[in-house]
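Labels A, B, C, D, E, F, G, H, I and J are assigned to the chains in the order they are written; within every chain, residues are numbered from 1.
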Amino acid sequence: MTVEFPAFTHTILAAKKAKGISFADLETILGRDEVWIASLFYGQNSASPEEAQKIAEALGLGEEAIAALTSYPSKGLGPVVPTDPLIYRFYEIMQVYGYPMKEVIHEKFGDGIMSAIDFTLDIEKVEDPKGDRVKVTMNGKFLPYKKW
Amino acid sequence: MTVEFPAFTHTILAAKKAKGISFADLETILGRDEVWIASLFYGQNSASPEEAQKIAEALGLGEEAIAALTSYPSKGLGPVVPTDPLIYRFYEIMQVYGYPMKEVIHEKFGDGIMSAIDFTLDIEKVEDPKGDRVKVTMNGKFLPYKKW
Amino acid sequence: MTVEFPAFTHTILAAKKAKGISFADLETILGRDEVWIASLFYGQNSASPEEAQKIAEALGLGEEAIAALTSYPSKGLGPVVPTDPLIYRFYEIMQVYGYPMKEVIHEKFGDGIMSAIDFTLDIEKVEDPKGDRVKVTMNGKFLPYKKW
Amino acid sequence: MTVEFPAFTHTILAAKKAKGISFADLETILGRDEVWIASLFYGQNSASPEEAQKIAEALGLGEEAIAALTSYPSKGLGPVVPTDPLIYRFYEIMQVYGYPMKEVIHEKFGDGIMSAIDFTLDIEKVEDPKGDRVKVTMNGKFLPYKKW
Amino acid sequence: MTVEFPAFTHTILAAKKAKGISFADLETILGRDEVWIASLFYGQNSASPEEAQKIAEALGLGEEAIAALTSYPSKGLGPVVPTDPLIYRFYEIMQVYGYPMKEVIHEKFGDGIMSAIDFTLDIEKVEDPKGDRVKVTMNGKFLPYKKW
Amino acid sequence: MTVEFPAFTHTILAAKKAKGISFADLETILGRDEVWIASLFYGQNSASPEEAQKIAEALGLGEEAIAALTSYPSKGLGPVVPTDPLIYRFYEIMQVYGYPMKEVIHEKFGDGIMSAIDFTLDIEKVEDPKGDRVKVTMNGKFLPYKKW
Amino acid sequence: MTVEFPAFTHTILAAKKAKGISFADLETILGRDEVWIASLFYGQNSASPEEAQKIAEALGLGEEAIAALTSYPSKGLGPVVPTDPLIYRFYEIMQVYGYPMKEVIHEKFGDGIMSAIDFTLDIEKVEDPKGDRVKVTMNGKFLPYKKW
Amino acid sequence: MTVEFPAFTHTILAAKKAKGISFADLETILGRDEVWIASLFYGQNSASPEEAQKIAEALGLGEEAIAALTSYPSKGLGPVVPTDPLIYRFYEIMQVYGYPMKEVIHEKFGDGIMSAIDFTLDIEKVEDPKGDRVKVTMNGKFLPYKKW
Amino acid sequence: MTVEFPAFTHTILAAKKAKGISFADLETILGRDEVWIASLFYGQNSASPEEAQKIAEALGLGEEAIAALTSYPSKGLGPVVPTDPLIYRFYEIMQVYGYPMKEVIHEKFGDGIMSAIDFTLDIEKVEDPKGDRVKVTMNGKFLPYKKW
Amino acid sequence: MTVEFPAFTHTILAAKKAKGISFADLETILGRDEVWIASLFYGQNSASPEEAQKIAEALGLGEEAIAALTSYPSKGLGPVVPTDPLIYRFYEIMQVYGYPMKEVIHEKFGDGIMSAIDFTLDIEKVEDPKGDRVKVTMNGKFLPYKKW
């Protein structure tokens, strides 16, 4: 299934590739995490005008890019069940470990959820002689259910 | 939507509640992470006979519990799109950050995926005066696509 | 489609009916809003032991009710698209006014969402000679997207 | 998932952005609520020719805009289950609080529904030192089931 | 697909069959249309206590029947797309004639809908030498979209 | 969800609007019901060459229109569950009154269905001081199940 | 996916098996086609009291069987897309040859459909040295679209 | 729902219409059944170069047509559940008569299926004073399940 | 999602476990492949009376087991998209390698399919110091599309 | 359903056809399996720059092809349930033999899965006088569930 991305996503990824700039480079330029920057490129977060300006300069893009990077479009990218194997594994983790996580979070915090908005996500490469490992760290504010 | 769990899940969670034992206690008893133990209770992982024995003893359960904890039933718990707000947030993270993670992982590792099998998941409570935070650490082996 | 509710829901609604107690009465007894109390009955929120005790007493229910009212089961009740006309109208409102609300909320607050957890919901009957009206007031904390 | 909007929606939102006019400004110009106006822009409601004329003038648009604003196209915008986090929260509210609202509305009014047609929706920003809040007020006529 | 009906539906239909009473007979006894009565039996409408009493008497049923007939359960019966050929034809009519009806209703009434709540539905047998015909008359209040 | 109509539908509806001709006018010109004519415009029925000719003349359209009006394209217009409120109400009627209608039709006619092919559909505006009403009359041949 | 059949289906198929009676035998006893009889057993058609009597006698069943065989339950058996390979092939034929059949039927008959109600279906075994063949003959009345 | 066909399908059907050639004519020209030829036009079967040549000549088409007619594209045309009434009736037949056919085929042949590949399908018009009938004959090789 | 298996499957798997007999043992006893035997246990294939007898004896089961093993129930086990990680990988292989396989099979064989009925499937453990490997060999008859 | 492939897929398949080069030829040129090469063409795997260069040369394609062949786009091609008969058979195998394979793999290897990433897939034509056979060999690393 060809997943449809915002038109802007193709433009900015092509510019990044042409410039030979990595997300890690952009992390240095912008002072923001590479995953957050990648989420900007997919229209899932929005930059301040200053941030958008810096990105546009780094990638040689103009006003249209700044407009796109500072807007708040409809979020959520993939098909209902992702078919891309890399992304599906995160769906599988939710299917397999979702209720176990619910049990442990409730035991530690009580009734409530982990925010996906007041939230950060970090990816690290952990070198390992038996095969490198991907370390994903999610950090979200616990929101207790309000009673009224 | 009432999600259907394996019949055993209800039994073992009730026994754990009746005994007043937390997953953290079980972590100490078993020497295994509390999330992994919770996943055992939901039929998503399988214990060795010795591990099953220790859990059964701690919770006052018999042979049937050991049989259930050491078997490999069909995995994957929830509805296609979860309705429980705590679990839905992990689905939303996959919808919103899935492709950005794919970009960053490919940039760091090349073509391949993070394994969800050679994989660990840890949950920590990070105290914070502005509101405690949930920290979820996923650690999976990177599997490069084999060429042939 | 017969929607499946937690077994406890049927018990507690039957007890409430038998006692002839309204949600408004329970609001007075408990000092909590009637919608929140109704959400408790459907397993969508959880009470403190003291709150559960008061409800159990009012309805003549025992320990099992207290256990159910203080637990945190899987949330989310209906089919993917509700078929009940009263509930469907709220789905329709989301379909018809969802993006318009997104525009107005973003204009007033910037990028972020209205929390459905740090959230209250109130229902009032507004008498009107041309036909009484239902007034639903939702009040949720605005959560700005965190940058990192 | 890139949600498809009527072609006109993109045109009118771009014109509004270019003119630097907010929905609040349009509320003043038109004497109609900003949410209703936003719903017009998404083709979910229809204006009178006079109303369409005023909007077209304010945004510097011509006959085509008037034609679009006064027509009655197919309504309902999003995917079956919304993926945009802001809009999803309204879906979650329906999933979690739908049946509780049904209980309370039936208790207050008897068998029937809240109209989504003879209906208004208002959004307010409630300032709060612990974090501003979004207040959504829905007001719909109660329609009792007719017997025949 | 075996469609699941409320348990009560089976009981009351069996009682009606055992008594050899038709919906037309019940129409005479109750002074209400047979389709409305059939909708009561499927939990889609609710009777007053007096009406419930009359039906229970006619069918030799007790208090439980009266309780069921006067309650307001979750409505909407079938699968998303009905498989029963008789019911599917009404789905097909909506698929084939839905937009044409929308055009004609908008032309006659302006923007709005036909209410399915302030609504009656009547079925008649029209004898015809070339084959009898089913005449279904729907009559619903037109609800214009409210502006605010 | 922007519903996709046959390209021709847009052309002919635009021509009709430009000419200021109503479906009621076309009913007079053609001697066929306005709903049937609207269904022609949506590619759900097919005209004879003479009928197509008359319509093309009335709307100032050429050979291409005649070809489209006389062809038999794939039928069925909307999404599986319609999101347009006007059309959804007909889906809701099928969900709520489908099985009750099945009961009454079977009681009156025996095992069989109402044809949606040997079928007519008429819409009338019934003026009423308490609010005008939409009257929809469906008339289909009863088809008994053939035994063999 | 275990497909759910009407409870009666299991009873009558078990009785048939116990008696060692084939559908071909029942065809002789009843003077009706074996496919029609099999469809009776699955609640997809209904027998006259005399026919039901004959079947009940042949299979040693009582009043309950007669009641089931003469009733008109909800029809349509399988999941939306069948998983049973034998039945899936008929779904595949509809997917692959549906539009080609539509072309040929329209060319031969004009606009309309083949009735699935005024319809018979016959299955024959055609012996063939290269492998026996299944011959399915469907015969349905052509129903032209009525104009009005 | 506008069903999407391969681009080639529109071209070849238009050419056939322009030439005034029927599928029956093509049957004579090609010495192949008209349904098979229609399936070619929808990209569901593939012709030999000689067959493609004959069709291209008959319809005045060139190399591109020959390339399309001899290729093996992705098969299966319609939506999951067809909305076109003519095609839906074949889906309904599978829903209603699928399991009855399975019973009869298993009784006649044992465990296995009717092939949809080693398969022919023929459509005949059977004239009848009470209304002409469509006769569809399917003939597929029986494939017994291989044991190993 | 708890996948529902035929009731018999649970019985026979429990008997096999209690007897401590492996599928490899059954392969020796029956002279049939272990995968085929496992498919029997899940109601996906059917045994001859002699084969059923041997299995029943080996597992200490009676007439009911023989009846189940020799019957032809509805086939196809899992949810539409499997959630079990082991089974999902085969779904993923079909998603990722399906069209590439189609290309290669068409190039080698022409238009047609690999039979899933005249078909065998074998699983081997290939020991490997870098990690043992699962080798799955599928062998199905090529069926060319019949022309007619 | 016309399955959408990456735009590049059409270009490269057309170039391959125009050059008259088979996947078997490319296997020789590249020293990689033909299925792997076909999967490259569908954007399901990625080549090294040297491999991409060789393919581009063989097919007379330029820089754009090299860029496409070395990128890692979103994977997973078909609709949720494939409609193409050749590909559907692999879906059917997963539906019918999925759980039996799970049983046998667990018995041979313990709890874990066959990798679809550290994985090869080979297709062979096995000539047979009773009809040639397709032999598909899958070979994936067994990944045991990690405990932590």
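Convention: contacts are C-beta pairs under 8 Å (C-beta built on N, C-alpha and C of every residue); 3 or more make two chains touch, one makes a residue touch a chain.
Since the structure is predicted, the reported quantities are computational estimates derived from the model, not experimental observations.
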item	value
Over-half contact-pair match to C-F, picked out of the listed pairs B-C, H-I or A-I	A-I
Contact-richer chain pair [G-H vs B-I]	G-H
Computed distance of Cα centres, chain J from chain G, in Å	40
Interchain centroid distance [CA atoms averaged], chain C/chain D, Å	22
Approximate Å spacing (C-alpha centroids) for the pair chain D, chain F	29
Multi-partner residues of chain F (at least 2 other chains)	3, 5, 74-78, 80-88, 92, 95-96, 99, 102, 106, 112-113, 115-119, 121, 143
Touching residues on chain B, where the partner in the complex is chain I	4-6, 74-80, 116-117
Contacting residues of chain F [partner chain E, same complex]	3, 5, 13, 22-24, 34-35, 38-39, 41-42, 44, 75-78, 80-82, 84-87, 89-109, 112-116, 118-119, 121, 123, 125-126, 128, 130-143
Contact set on chain B toward chain D in their complex	81, 83, 85, 88, 92, 95-96
Touching residues (chain side chain D, partner chain E) in the complex	32-33, 36, 45-46, 72, 74, 99, 102, 106, 110-113, 115, 117-122, 143-148
Chain J-touching residues of chain A, taken from the complex the two chains share	1-3, 81-88
